[in-house]
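For reference, the structure discussed in these notes is given below.
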Amino acid sequence: QPAAVSDGVVRVGVIEDMSGVFASITGQGAVTAAAMAIEEFGGKVLGLPVELLHADHQNKADIGAATARKWFDEDKVDAILDVATSSPALAVLEIAKAKKKILTLSSPGSMRITNEACGPYVAHWAYDSYAVAHGTGNTLVKQGLDSWYFVTADYAFGHSLEKDAGDFVTASGGKVLGSIRHPVGTNDFASALLQVQASKAKVVALANAGGDTMNAIKQATEFGLTDGGQRLAALAGMINDVHGLGLLGARGLIITEAVYWDMNDETRAWSQRFFQRVKAMPNMLQAGVYSSVRHYLRAVQAAGTDETDAVMRKMREIPVNDVFFKNGYIRKDGRMVHDMHLFEVKQPSDSKGPWDYYRLINTIPAEEAFQPLSTSRCPLVKN
Amino acid sequence: MAEIVLEARDLSKEFKGFTAVKGVNLQVRRGTIHALIGPNGAGKSTVFNLITRFLPPTRGRILYKGRDITRARPADVARMGLVRSFQISAVFPHLSVLENVRVALQRPLGTSFHFWKPEASLHGLHERARDLIDAVNLAAWADRAAVELPYGRKRALEIATTLALDPEVMLLDEPLAGMGHEDIGHTAALIRRVAAGRTVLMVEHNLSVVADLSDTITVLRRGEVLAEGPYDTVSRDPEVREAYMGAGHG
Amino acid sequence: MLEIADLHGFYGESHVLHGVSLEVRRGEVVTLLGRNGAGKTTTMRAIMGILPKRTGAIRFRGAELVGMAPHRIPRLGIGYVPEERGIFASLSVDENLTLPPVVRDGGMTVEQIHALFPNLKGRGATQGTRLSGGEQQMLAIARVLRTGADLILLDEPTEGLAPVIIEQIGVAVRALKERGFTIVLVEQNFRFAATIADRHYVMEAGRVVDMIPNHRLHASMDKLHDYLGV
Amino acid sequence: MFEFLGIPPQALFGQLLLGLINGSFYALLSLGLAVIFGMLNVVNMAHGAFYMIGAFVAWLLLAHAGIGYWWALVLAPLAVGALGLVLERTMLRRLYKVDHLYGLLLTFGLALIFEGAFRHQFGVSGQPYPTPELLRGGSNLGFMVLPVYRGWVVVFSAMVCLGTWFAIERTRLGAYLRAATENPVLVQAFGINVPVMVSLTYGFGVALAGLAGVLAAPIYQVNPLMGSNLIIVVFAVVVIGGMGSILGAIVTGLSLGLLEGLTKLLYPEAANIVVFVIMAVVLVIKPAGLFGRER
Amino acid sequence: MSTQSTVHGRSGLGTPTPAVIPGAVLWAAALLLAVLAPFALYPVFLMKVLCFALFACAFNLLIGFAGLMSFGHAAFFGGAAYVTAHAAKVWALPPEFAILAGVGTATLLGLVFGALAIRRQGIYFAMITLALSQMVFFLALQLPFTGGEDGIQGVPRGRLFGLVDLTDPLAMYYAVLALFLSGFLVIRRAVHSPFGQVLKAIRENEPRAVSLGYRTERYKLLAFVLSASLAGLAGSVKALVFQLATLTDVTWQMSGEVVLMTLLGGMGTLLGPVVGAALVVALESYLAETSLPVPVVIGAIFVFCVLLFRKGIVGEIAGILKRRA
């Protein structure tokens, strides 16, 4: 029933960081992933064209918000299917809620998305700070690394990473010795690292992402942190960071990700196609964008319309099944629940070449991977 | 002897170890024209700046009508009726002649901070402004921007503006500097006219005008008072002749 | 040595020199007399090429100065002592003295300069502008003597100076003349000028209106009164 | 073992040393700014951009021509200086006669162009630049591991600062510069080519920024925005030190670096703003700056 | 009364202006256009233009009429935006009080900045304001209530005076228009007030103004505070329009942007900043959809204006009209 599609086009958009600190983990890769999902549908759904818009918010919440507002008001965009970075994402979230439009988020990891800020048309896709903090935190504490010091990016995602990991550490009998905050896009971690070094904490947990994580790891090596016996944990580390640092700099890091390109034939095939276009392997954020766009289009197909309520109902009904995410489902608070994996970065000698970086050490089953609904602060959960 | 209206006591000014004014004592009597002369760098302008509080003195006191104004703010000194002119012509170049004078008249109105009042509230001042402009023979220029005036006319405007404050004491720093011969005569006459009922302290190099106008002359040299008195006395002082006037004058 | 023909000079829009012509022979002391604003300083600035705009011809030893880059002119051997003296406050006396580069052989040594201006001796480390007005004037003159320039332009060297110092400067100028320097002097104080100059050019409103050799000065007194209003 | 305000000496010395390193960058950058301001009366808002370009030139040399750090240390400042020279000749020169504010606005525009262009070309995520072979590793000072490279930065920039100070305050060339700052026309009338000197000064000033950029490359990522926030701090340094004072720029740069380090220990929250607070205080007490002359 | 179309304020008093009637017609037409605009154009875009126009007008009051160039006006704009956002969201104040709180903050900031900065002039003044505003930037980054990198989001627009529902775009637009107009009129009046006269005199020749008995620092300070308050008003309104307050509003690049708007439109003209703001905002939103790098284009315009176009659009037009007259 094509008539049910507003103005004859299904328009979806993604707002990414195209040139900032998070450009390599979101950016063009995320846009390409979305495009690949649409291509799988032949660029059409319900016989009508699917149009993909993308924008660069330059890591500024107001640009992100202004873009979303204009897309909804002026450009007849039906859904926004990713917004990179927590701050712009939360800003867009408010607008999407007010305008009753579907929003799925893969790139940001802030817990507020599925707690205080949750909404009926919002889904949080690939990961969140709880999931990665949980994975990495548990593993390290079990190894007896029980005193932690945080180097935290001063924004929603950083805070929630620190809080979630800190909670695990204390819950499993460890101690959090302190934390240092830094603005996003910091150049110099020297004085933070010096403080961390003086604290003699066993684990230096980096509650930041992208370029910040890489910078911090690089400088930690420079100041001899690891030589002094302290262990670095990149809580939101991703395969791109490993690639940027090189195995020599990143070896031994524990990283929790939802996907790895080299898991099975299916992922390898898809990732190779992705690699052809982006010159990098996908990380969980980009795979998440692919997954959410694909799922959205399936829901539109099933609903026979692009009307928000109907599509959202279908999105919750149909299980998420694609190359990377198996049997996922969207919970009441908007969380898309799926397995998470724990990886250790290989030693240079064990690697067969570029992008052969991870060794799987553990898979965290979907039920355990995410914040239990019982502790959710999402108002939708209570009613 | 008339009352002393302005007095400097042991006034000194040092600039980073260099003493520009050294223990100057100066007494200006009410109703007189008092000239301050001396070679370049003698400290005349500095004394002027000290008296009008544009520079803080290193030492010494300044008394105006018996009140100590050594620590007063320059704007306050002006409000008390002690108003100066500048060595280089000081007008508001892009305001009209009328507005130039009106700015001076407007202060006593007390509405100068009123940013919500219309400009029309100042129109009541126009009559008085035009009178003052007439007095210095600028009527023909009243609506022209000050920047368009020839040099000598700017000095006239400056005097009109100064008069608008109805000062008790006027301090004129080289009022004739850079003027052509015609302007000099005119302006000297103007100064004489406006000096009636006021006190004038002026710095001037033009000795013939000084001789003509002033009741008392103070000669400064290297920051110190060298001589003081009426022109005839001063100009016969051998030291003054040596330091300033040279063989040619007097 | 220096020949100026039909020189016009401008400050922005205002036309200040209206066809100045004069010549100076080697070894002469020549003065420019004239009222305030007659264009004397401007003429000197035009020679030095630091006037924003000028037309006409200025020939120095056969080289045309109009159109030449300003920094090349002094290198031909012309020294300039400006009206306002131009002593640099951020430089010591010695630095001021050695600031202008030596442009030709035959300049005076620092010892010779000290002999000529004893006041400058032993003041080398003093900040330039701390000197008294007269000493500053001496320094300004001394500064160009070192460079080997043999044509010296002096703009009002006696302005505002005590007669004692004027006398001293007169002695210095005569000494320079004896050494073979050529000097062009701008003076208001024509009593002073009369004691040292060979010839006088009189300027009025941007033109040279007369030339009076020094020996005819007394005979021309009336004319001068007219010109200068003294 | 002694303690300072309850801070263990390790932390104290460590942070102070880091402060000194930051201070070296402040000093180098504010020195360039001061030189330019002194001669041209231009507040060079593009200074941070030139710093960034210096780092990028080093990176480009390495990535595309295989030319390493030591050559970059020479070539990058030359390249940046040449760029500055061209800009001075073609643009800045036209503004000397109008209000000095226009110089500030022009260089602000240039900064936007440069940063925008590099950002467009290279993204802001930053390019890694390896520490030169010779300066790798750290040396254990007891209270901290000092990366050799950072030590080198302190020593080298101190040398450059001293050299510049000496050249300007103690040589003939410096005398020309200072004189031309006061009265360019007269200096020209002494046979010195002032316009060329002005161009060269601007070139030299920005070359110093370029040099700082090369020095920074191995420490921080090479990043199009690396200069944009740093430069405001440097402005504050210059205001505190007194505009146009060479010595003021160097001394204030280093001491503020130290002070910032100290603040990071005592009250880390204030570390970013301590410089500005000091600026406000200095303005109240000595409006011309600590070493400045009132103009 | 002199009613001039270009309001440059420099032509002589009492000279009859031939453009009296066309001037009035022009104003009326502009007002009508502003009232009808949201039916043709995207209201949020228009509101953004109005906010920045007010911001630029406030900045212009200082540079154009007091001769002081602030390079730190983002502090007032952004500072007010934060406080308004916080007041509306956390304290749940109605919009009129939230705006008042923002403007009050900007005024206080203006007082502090002004007291420090007016000790110096020219480029020093610019640098000091720049540095002080950077301090506000860091405060905004670190103070707990500002939300760091996230800013304050989801600010409720609320009901104006408990009556007008501002979530309606048209209602919001007219509210913004009204606020802009009142800000604009305050500036226009201030420029032509007794205060404005003194300010002009100070700009022209400060020592002379002092010698006439004016305590010039106080006038400059008042001008600074006035300008800061109005910049704050612009920021407060912007926070409500976009329902957020973020670091962008307090960066020094924002301070630079408002300089550009004013420069482009014409410093010291009343309408210039409005034209400049409209142009820059339109340009930015156009550029955002192309692949051209925005800062480069903006920077190029800056360089162009400074080198060749210093009077700005309105300034140039006024110049041409004057020459023909």
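Things to note:
Each chain gets a letter, A, B, C, D and E, in the order it is written, and its residues are counted from 1.
Everything that follows uses one rule, which is that a contact is a pair of C-beta atoms (placed from the backbone, for glycine too) under 8 Å apart; a residue touches a chain by one contact, two chains touch by 3 or more.
These are the chains along with the protein names UniProt gives them: B, C = ABC transporter ATP-binding protein; D, E = Branched-chain amino acid ABC transporter permease.
As the structure is a computational prediction, the values presented were derived from the model and not from experiment.
With steps allowed only between chains in touch, the distance from subunit A over to subunit B comes to 2. Taking the CA centroid of subunit A as reference, the farthest chain centroid is that of C.
Looking at A-E and C-D, the interface holding more C-beta pairs in contact is that of A-E. If you average the CA atoms of subunit B and of subunit E, the two centres end up 41 Å from each other.
Chain centres here are Cα means. That of subunit C falls 55 Å from that of subunit E.
Subunit B and subunit C have Cα centroids separated by 34 Å. Under the contact definition stated at the top, the residues of subunit E that touch 2 or more other chains are 141-142. Along subunit D, residues 119-120 each make contact with two or more other chains. Residue ranges of subunit E in contact with subunit A, taken from their complex: 42, 44-45, 48, 141-142, 147-151, 153-154, 167, 242-244, 246-249, 288. Residues of subunit E touching subunit B in their complex: 1-2, 10, 12-15, 186, 189-190, 192-198, 200-201, 204-205, 207-216, 218-219, 222, 226.
Listing the residues of subunit D that touch subunit A in their complex gives 8, 10-11, 14-15, 18, 21-22, 119-120, 123-126, 128, 131, 138, 140, 144-145, 147, 149-150, 219-221, 223, 225-226, 261, 264, 268, 271. Residue ranges on subunit A touching subunit E, taken from their complex, read 55, 60-63, 65-67, 69-70, 73-74, 86-87, 90-91, 94-95, 98, 117, 153-156, 183-184. Contacts from subunit B toward subunit E in the complex involve residues 52, 54, 73-76, 78-79, 83-86, 90-96, 98-99, 102-104, 106-107, 109, 111-122, 143-145, 161, 165.
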